[in-house]
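In structure tokens below, several structures.
Consider the two complexes below, in which subunit A is the common component and subunit B and subunit C are the respective partners.
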Partner chain A sequence: MFKMILKLAWNNAFLRLSRTLLVIIMIAVSMSMMLSIQGIYDGMTLNMVNSALRSDSGEISIYNKNYRLDKQIVNDIQNAGEICADLENNPSVKAVSVRYSVEGLSATARKASFSNIIGIDLEEEEKFGAFSKFLKEGEISFEKRGALLGAELAKTLKVRIGSKLIFSTQDKSGDINSIALKVRGIIQTNNLVIDQRALYIERKQLYEFLGVDTNTATQIAIRTDDDALINTIKKEYSEQEVKSFLELNPLLKQMEDMMVIFNSITFTIVMLVVFIGILGVMYVSILDRIREFGIMRGIGMAYNHLRTQIFLEALFVGLAGYSVGAILGFFALYYLQETGLNLSTYAEGMASFGMPTIIYAHQEFSYYSNTFYAIVLSSLLSVLLPLRKIKHLHPIDVIKADT
Partner chain B sequence: MFKLALKNILFYKSRSITTFILTFISTLLFIVYVAMMDGSHESMLKNALKVYTGAIEVYKKEYRDIGGNEYLINDVKSIEEKLSHIEGIKTYTSRYETYGLLSSKEISSAAMVTGINPDKEAQMSQLKHTLIKGEYLKHDSGNCLYVGADLVKKLGVDIGGEITFVGSASDNSFAADIFKLCGVFKTGSFEFDAMAAFVTRTYFDTLMYSENKASYISIALNNLDEVDSINAHIASKMDTDIESLTWKTLMKPMVEAMEVDSVFGYISMSLFYVVIFFVIMIFGFINVSSRVREFGTLRCIGLSQGKIRTLLFYEMFILSTAAILLAMPLGGAIAYYFSLNPIVIEGMSEMYKDYGIISDEMPFAFNLLTISWNVATIYVLNFLSIIYPVSYINSFKPIEATHHV
Partner chain C sequence: MIRLQNVNKYFFKDDPREVHALRDINLEIKKGEFSALIGPSGCGKTTLLNVIGALDSINSGKIYLESREITALNEKESTELRLHEMGFVFQAYNLVPVLSVAENIAFIMRLRGFPESQINERVLEVATLLEIDHKLDALPNTLSGGQQQRVAVARAVASKPKIILADEPTANLDSKNSQILMDMMRMLNEKEEVTILFASHDEYVINSVNRIIKMNDGALVD
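Take a look at the complex of A and B:
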């Protein structure tokens, strides 16, 4: 019996081919567009999160309790070496980066700009966030008083590889001290704060320049996959301020949340309109065949069997649309993942948002599974109204009915 | 034909209601969304212009690209004389900007110190109105310094406190002086409040040897819409080594950021319109496919294919116009109301300070031209949606159509 219902449903689903094709095209086009937009937006957010993780805070960062409010040398971490050694022995810690940072003025003969000089260890940074991948121009090297500059800072100072600049700031004794540096490389992290302000030099050289102890740091950043690690570190270093990535980047968290809300609203509205589309077609399709259903009821077919047939018809149409949409969406997302969306026409605008000029889409299984459930649900719900109409009609009346 | 279309609309209620509701919602959504997007962009630009950047700024060529004392304007008075004869200019003022270190007893910080004409600056920008402590500069303020709130906080000084300046003068010689903190301002722009300090030009010129010199001349206009024509006029009056740039160039990153935001906004909106377009088309198609026999009869009694096209066009026209006539004033009223009473999102400026947002207010833009093209887009989409149903119905021969089941 079920085989016959299945066959009937299949044949009837494609009986009015133009109508059914229109619904399939509607589902496919809207689904592929929705997936592409979702993938691009998620790709944008993930790129920003990834940049911030790799270039700055990691999953966890440790600061002196006063440092984030008052970024002065006096507010550095005094026993950074011991903390770093302890963390490196922790199996949950994937990488640690010890940084020393102070604010000051970078100047060339013609231009000047505010900047943060950051003392780093290149090996540590490579392990921490594949630092060399941020290189835009030049080389990753601190040789002969070399410095690496954020791309926006380099633009402001109008410097190129090989240019010289002077960085001035207050050292530990309170005196204004200056250091001459040579630009070895320009880096682009797409982390606004880094790109606009960062001037990286060798950590040891910065300690010497500022006259601070080599056992100190302003930030100890940690990479880990263990979500529970932060609680352990908070307990262990209660005299310091220990912050998670999301605590340090509430804006990114908010952007992520907003993207989820936006995508959910888009998803709901699109599915609602898709539902209206399927409903229209199924309703008319059932009313067109109401005498046919009356005859079937008259020759003894149970209402339950009719209902199954109509549900299956709606499912076939919905799933056909879904299949075409999933294939189209997959290829659109694949293209956007590989080639990306090139927005280099708006390069300066993108940089001011802290975004790369080419946005690569993100793709995950949940895009397809969520859409699958939504389309199946929309298809099944769309026939409830016409089914009610059939249920309450007497077979003889139905046969007599003038459609 | 129009009457027949009207009767058909009333007869085929479900199709009419669906088309009407979808057209109404999409028109309303489009008008409100675009008004909100344009409004927030305009607000960001206006706020940025109000704070410090002029509608037009006059520079010596290469100052912005290369910089340095060789590229200062050396004859401010003659340029100002030329500007005074150009119509549409509200006011103008020269600024001498330099970077140096400002130090209190304990703390030093890099800062942008600018020599300004306090009276003219008060007409040009929001500097005077953003005073939060102490007093604004006067022409005889002497060594008074007017400093951004975040910079003051960092230096840890209070009104009357001493701040030392170390920098280089316009002749590249070493310049140092002791200033007195007289006023504190807060524009809301974190970057600006953390780096800017102002001093009266008459005093600063003696320290920096910058009399009749300027980094640039900033110009405010009576009507911002005339910026391009006035800029062209200014450019024609200036020497060849001087350039005048509008805010569109001066704030290029921000303008581009707004454009990117608009592009993404329209991409998101296009998704809704594609889906709605299909649904309207499907309902239109269902409607005509259930009326094949009716159209066959009409053809048999002498109606041409063109007349059938006109009939369906009228049906869509009536439904779209009714929905748009209701949605347009409603959308316009919402846009107009929120253009006068902006939505306030507490904490928005604090959260997005790195992105140049300095106000919690999000006003809408009320622009009849924008509303008109929003409405025109919906009209076009609705008319496009009947192309397939029309071609479908016209594919039948009259007799064949009358026998259609």
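Take a look at the complex of A and C:
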């Protein structure tokens, strides 16, 4: 019997082909647009998160307890070498970067800007966050007092590859000390703090310049996939300040939450479109066939069987729309993943939010599975109202109307 | 088989438009009868057929199908009764347009959960009897009126109900098809021993049945 109900539902769902196709197209187009928007939103957020993870904090960062409040040399981590060695032995740790950072003034003959000099090890940074991929101009090299500048800082100082600049700051003894540097490369991380202020030099050179011990660091950043690692590290290095990525980047967390809200709103609107679309087509279809349903009930078909038939009809329309929408959405997202969405027209605005001008979409299975469940639910809910018509239908009314 | 005791039916009861559609009907239809309710338009034939078929309610009286009082059934039980005990043939055929002839004939049997092998066998048997076996794969809208009505009869008879109620089955057919249909229904009545009650004023029906039940103004006429 179920086979017969299935056939009835299938044939009736596509009986008025043009009407059904219209709803399928409506569902497919709105769904593919929703998937694209969702992919772009998530792509934007992930891009920012990824930049921040790779260029700065990693998933976990360790600081001296006082450092983030008072960024003085005295507030550095004294046993950075031991901590780093311990972490590298931890199987949950994918990469570690030891950095030494001091605030100071970068100056050229004509311009000066407040900046952060950061001493890094290029090999470590490459492993930590594929540092070389941030290169915008020049080369990744610290040779002959070479320095790498954030793109915005380079703009402010009006320097190019090969330009010279002086960085001045207070060294460990409290004296103002300066170092002459040559711009080897300009990097763009899309992490605003880095791009506007960072001046990278070799870590050893910075230790020497500041006169600090080589076993010290202002930040030890860790890459890991293990969410529980932070608790272990917090316990183990309780004398230091251990912060997670989200604790260090509350704005990104807010942005992530905002994107979830945007996505939810888009999702709800699209599901409403699906709901109204199917409701409309099913309502009209049921009104068209009210006599047929009356006769079916008259000859003994139970309401439950008719309800199953109507649910299946709506489901077929919804799933047909879903299938086309999923295919369209997949290709749209694939294109946006590969080619990206070029927003160079809004380059300045995007840069002020720390976003690249080309946004690459993100795509994951949950987009399709969540939409699937929502469309199934919308389809089923959309027939509740039309079903009331059938539930309250007395066969005699249509039979009388017939005669 | 069917017994009606003092059945009264009003439309628009306690309303200025009140119509006393069935007046104190007392009637018995025996198993295997081939009978017809006849009378002028508006005399209550269809209403009587509908109340016997548990499609419509009555205001007073009782109707029994064998020993079961059908007027005491709720909506769900009435639907079950119609499915299991009765077959219906309507003036407008009322086939399911998206199902083939074979599927239409098998419709009630499938709802009743007959095994597929039995359904296939019975569909072929009934379709052969009604000479529509060559149209089993066709859709109803490709058939003539006479053929569609034969499919409707086949659907009603296939599940071997206790009684078939046929309301003006020949009304949309020409004389030739009316005669063919009545001959076939008579043959089914004899061969399958199915009780058939018509409501009609068609002479082909009147001339074919064994028993005529006359009605006028909602009452049976001697």
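To be clear about the criterion, the second predicted complex is superposed on the first by the 400 of 403 C-alpha atoms of A that agree within 3 Å, B and C clash if a C-alpha of one lies under 4 Å from a C-alpha of the other, contacts with A are read in each partner's own complex, and residues count from 1 in each chain.
Basically, a residue touches a chain if its C-beta (ideal position, glycine included) is under 8 Å from a C-beta of that chain, and two chains touch if they have at least 3 such contacts.
Remember, it's a predicted structure, so these values are computed and weren't measured experimentally.
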Sticking to the clash and touch definitions up top, decide whether subunit B and subunit C on subunit A clash or fit.
fit
Once the shared chain is lined up, is A:385 touching subunit B (first), subunit C (second), both, or neither of them?
neither
Using the touch definition from the top, say if A:305 reaches subunit B (first), subunit C (second), both or neither.
second
Report for A:130: first if it touches subunit B alone, second if subunit C alone, otherwise both or neither.
neither
For A:15 in the superposed arrangement: first (subunit B), second (subunit C), both or neither?
second
Contact-wise, after the overlay, does A:7 reach subunit B, subunit C, both or neither (first, second, both, neither)?
second
In the superposed arrangement the C-alpha centres of subunit B and subunit C open, at the centre of subunit A, an angle in degrees to the nearest 10 of 100
Classify the contacts of A:296 with the two partner chains as first (subunit B alone), second (subunit C alone), both, or neither.
second
Output check: A:85 vs subunit B and subunit C. Expected answer is one of first, second, both, neither. What do you get?
neither
Hey, is it subunit B or subunit C that touches more of subunit A?
B
Touching partner for A:110 - first (subunit B), second (subunit C), both, neither
first
Quick one: minimum Cα-Cα distance, subunit B versus subunit C, in the superposed arrangement, integer Å.
14
Overlap of subunit C and subunit B interfaces on subunit A (superposed complexes):
none
Note: in the complex, subunit C contacts subunit A through residues 46, 50, 55-56, 76, 79-80, 82-84, 86-88, 90-92, 94, 96-99, 103, 106-108, 110-111, 113, 155, 167-168
Report the residues of subunit B in contact with subunit A in the complex, numbered from low to high.
14, 18, 22, 65-68, 71, 99-101, 103, 106-110, 166, 194-195, 252-260, 263-264, 267-268, 270-272, 274-276, 278-279, 281-283, 285-286, 289-290, 351-352, 354-356, 388, 392
Would you tell me which residues of subunit A are touching subunit C in their complex?
1, 4, 7-8, 11-12, 15, 291-292, 295-303, 305, 395-396, 399, 402-403
Contact footprint of subunit B on subunit A as seen in their complex
16, 18-19, 22-23, 25-26, 29-30, 33-34, 37, 41, 72, 103-105, 107, 109-115, 158, 168-170, 174, 176, 192-193, 250-251, 254, 262, 266, 269-270, 273-274, 276-277, 280-281, 284, 288, 343, 346-354
